[in-house]
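Please go over the structures that come below.
The same subunit A turns up in both complexes below, where it pairs with subunit B and then with subunit C.
Right after this comes the complex of A and B.
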């Protein structure tokens, strides 16, 4: 390989890493007297796996809820690419390209695995009842396409065999996978995962890690809340650490894990 | 035997109309856990509007075939009721989405009184006879009689219910409705515009109510501004009987209630030695409802408990 080409590759890689996908600027949120988020700013770059860690009650899930439109924020700004997300209802945030999973699994329990993923297609499809009743070709094509994509996603996360089982009857680890498949069906540019490894055994964790790396390789950007420090440190390109609603550190896993504030707040208790 | 078969036919016809109205109650309850007490009045409005159209057509073009005139009545009544359902949801329920549960219940009763009064102002207090346009054919089946109108009601209601099941089970909107019923919050986080889905639910329920209103007035041969009250109450009871929130339950409950009423009316005189007449059929229906609910508080097919209503 000639030198210029390597240089090009390098610079294009650097450019890609520095394209901000999600920009959180000075976001604050209080519940009554409790300041759940104070002045949080961070940037997630396209293509990275960004970890959000911190002790219980640090405000990680609150930040997720604020990002996805579930909570309104008191101050600050949230942008995905150039689109403003704050102040918009959840379905519009999702439409803009930010999808999530939940810390406590929240599937549509009484629907099949396939149907759960098909609900994820809702935002990317348009057909109405009239088309369905009259069996118009456009509607049928869209429905067939949705089914095909949904089956492909179930295969992708490794639960194709469960397609027609009710979500509530799936094994625990597979329910977590199904949540990821459902979120992927919405064609997000940023996927936010709230403790995806919670309650998983060693084998399931390894498989999850593989899946997340594959997703990253496919160009998806991931925002990850996780308690499993080993998983986070091995997986994330960068991390932000929250404590009592304040961001106390940000950087590569190496830098963060040596930060005395982080060690005091978090790693000191739990890493060992 | 012929009385039995006759009551069976009458009961199924009546029950299928109850089922159609009950579906409207149960769909809204399934998604919002709200009892839309104005639903009976939407049924009444459907009947009134259709009758106005049918009456005008019968006067203007007396030669038209009955099926066509009836169809014209439906074609006008259905969109009117859909618009009404949409308006009621927007004005009386959506602003109270996060209010205490009693508030939308009160507005529901308010809306139903308003609709009754509007109907009374437009069409008066008297019973309005169904214009003489319908085919009057009667067919003998094993000693019982079934009329053309009854056949039409059965065919129409059954095909509408089948269509509804397919829409809810197999389409994009149906999946969004079921997802919203299970969790409004998660559905919206997955990209479902929940307000739109709720509005669609009201619109679909109101369309069913319009058809039911026209059918019931064609069956009894009259309409009245107050007809929505008892019809709504019975359909609501049918929904509760089957298990409110459950589509199959509403259909089963409606058919059962129709059959109970019909058989009650047919046999209550014999059973009580002539002490109670067939006009006690309403009492009979509600008595059975109470008895069922004592033993199965969540209804026959109800999985979810009716905890707050």
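Right after this comes the complex of A and C.
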């Protein structure tokens, strides 16, 4: 009785690892004469933590912005499951299941932490002006549900005590956590994090790492830009390395860290 | 001072509501007895401005879209009323039919004028909306040829007063042994509609829609990346604000009995904006207070003319000039000492407390 269950679990886990969730095919983007992304292709599989690394100006954030609809792309195709994401506005990309955080934290500064997370519920709720003004039963239920979920998310990322404080007055590390909670409120299937550990101290980094692993354990797929090599190597199942808008390597952290092109990109050609 | 703040509102006691309702019901009689009939009229006008300011507050205070042409929707509501209830076209449609029509049409124009400005922000948006406001006024000024739509600068006269269920608000009526004059009855009508506008504003503020507006104001890119359809919600803000503007316009036309393009100039837009800024942007009690203050205070300052004559035997400073001078000083003082407005919202108060502490 228990043996097939284990077998099922294993095979479903293997299946999950092989299911491409995000497929980026030959994406290019130029700003004037600057080729920011050239023919980038990569696949992020369901359930993994996929790292995106590279020197400053390599095009990591540009790729994030292209994925999330903030930039239009010149060529190529972006798919989440079977849905085309390219050419769609940001709110539709999010609706399809791709949420993100920003490198330079972009919270709604003058809203409370709770309200920030409630805004994250916007895409998954429907009540409009009439419902709000008349406070119809459906709207009331939806609001109660949103509040409950928002509180739960604040607890989950560990900042429940800040629920009624303005986002701008939260400590730096907690602002990063709040941004993650807001993104989670949109019920994404893929969460893209742009340098979530930037500016964090050692303790905050360890806590963040713990949180990301928990999210992965709960079935969320993560796409991560990060400069902290130690964090990336310990956390990511696979990595892609960008340099001058070109993907120069992809694979497990072990393989990537030994790749001569990667070493050259990070340390300069003379180092080899 | 604790920086943790609860935004939960405590429920006011029903007694407070009761006293407030009684006070508002008796107010025109007290004002009439104490200050005279003209002040009741002014009270009516102040209520109109409360509606206008609350409408603009949705656009500027919540969604953060600096709209300097708001008066265009006020004008539109007023002209729609004038066209459908005056000898100008010989139409005399009932009040209850025209008012929603004017408000709805203004809302539609809010969307029409909002659409081309969607990509603009801050200063640029302000300049374009300012242009729209002026375009509407100039149209009204010149649309007397080839077809006489607006009667040009002369304006439209003899607009029907409000008539509800056979009761005309231009004549006194006796009820339960009390005699209500026209301005008193108008006060109750305007009060009712103002309360409705306040109610709608409050409900919207604490809703999914209201939060989305504030999110757009705070960071439009983050709002879009958090799943908010910024285009639709900005248009909704324009439409809601314009609807309230159109409503106030229709009431204004019926109240005055006469409208001309002169009533809808840029200064009017700026005054309404000042009411919001002075009172407390995005905060309903602040906006109401700002609107009342800026409508009533200038009238109060007219008395300074009498004082000057009594004190010095002649008038040194024309009350009208003094009005603008004090008004300017008050604005500067508010910006210096209470930059969040006279009655700021709880979150803004906290922000300034945190900045100090």
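Just so it is clear, the second predicted complex is superposed on the first by the 256 of 272 C-alpha atoms of A that agree within 3 Å, B and C clash if a C-alpha of one lies under 4 Å from a C-alpha of the other, contacts with A are read in each partner's own complex, and residues count from 1 in each chain.
In this text, a contact is a pair of C-beta atoms (placed from the backbone, for glycine too) under 8 Å apart; a residue touches a chain by one contact, two chains touch by 3 or more.
This is a predicted model, so every value here is computed, not measured.
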Is this a clash or a fit when subunit B and subunit C both end up on subunit A? clash
With both complexes overlaid on chain A, does A:168 touch subunit B (first), subunit C (second), both or neither? second
Output check: A:106 vs subunit B and subunit C. Expected answer is one of first, second, both, neither. What do you get? both
For A:155, using the defined touch cut-off, is the partner it touches subunit B, subunit C, both, or neither? Pick first, second, both or neither. neither
Per residue count on subunit A, the busier partner among subunit B and subunit C is C
Once the shared chain is lined up, is A:119 touching subunit B (first), subunit C (second), both, or neither of them? both
Could you say whether A:129 touches subunit B, subunit C, both of them, or neither, answering first, second, both or neither? both
After superposition on the shared chain, which partner residues are touched by A:230: those of subunit B (first), subunit C (second), both, or neither? neither
When the two structures are overlaid on chain A, which partner does A:89 contact: first (subunit B), second (subunit C), both, or neither? both
Between subunit B and subunit C, which residues of subunit A are contacted by each of them? 68-70, 89-91, 94-95, 99-100, 102, 106, 108-111, 115, 118-125, 127-129, 132-133, 142-143, 146, 182-183, 186
Complex contact set, residues of subunit A against subunit B: 68-70, 89-91, 94-95, 99-100, 102, 106, 108-111, 115, 118-125, 127-129, 132-133, 142-143, 146, 182-183, 186
Please give the residue numbers of subunit C that touch subunit A in the complex, ascending. 3-8, 199-200, 203-204, 207-212, 214-215, 218-219, 221-230, 236, 240, 347-348, 350-351, 354
Of all residues in subunit A, those that touch subunit C in their complex: 68-70, 89-91, 94-95, 99-100, 102, 106-112, 115, 118-125, 127-129, 131-135, 139, 142-143, 146, 164-166, 168-169, 182-183, 186
Please name which positions on subunit B make contact with subunit A in the complex. 163, 167, 170-173, 175-176, 178-179, 182-183, 185-194, 200, 204
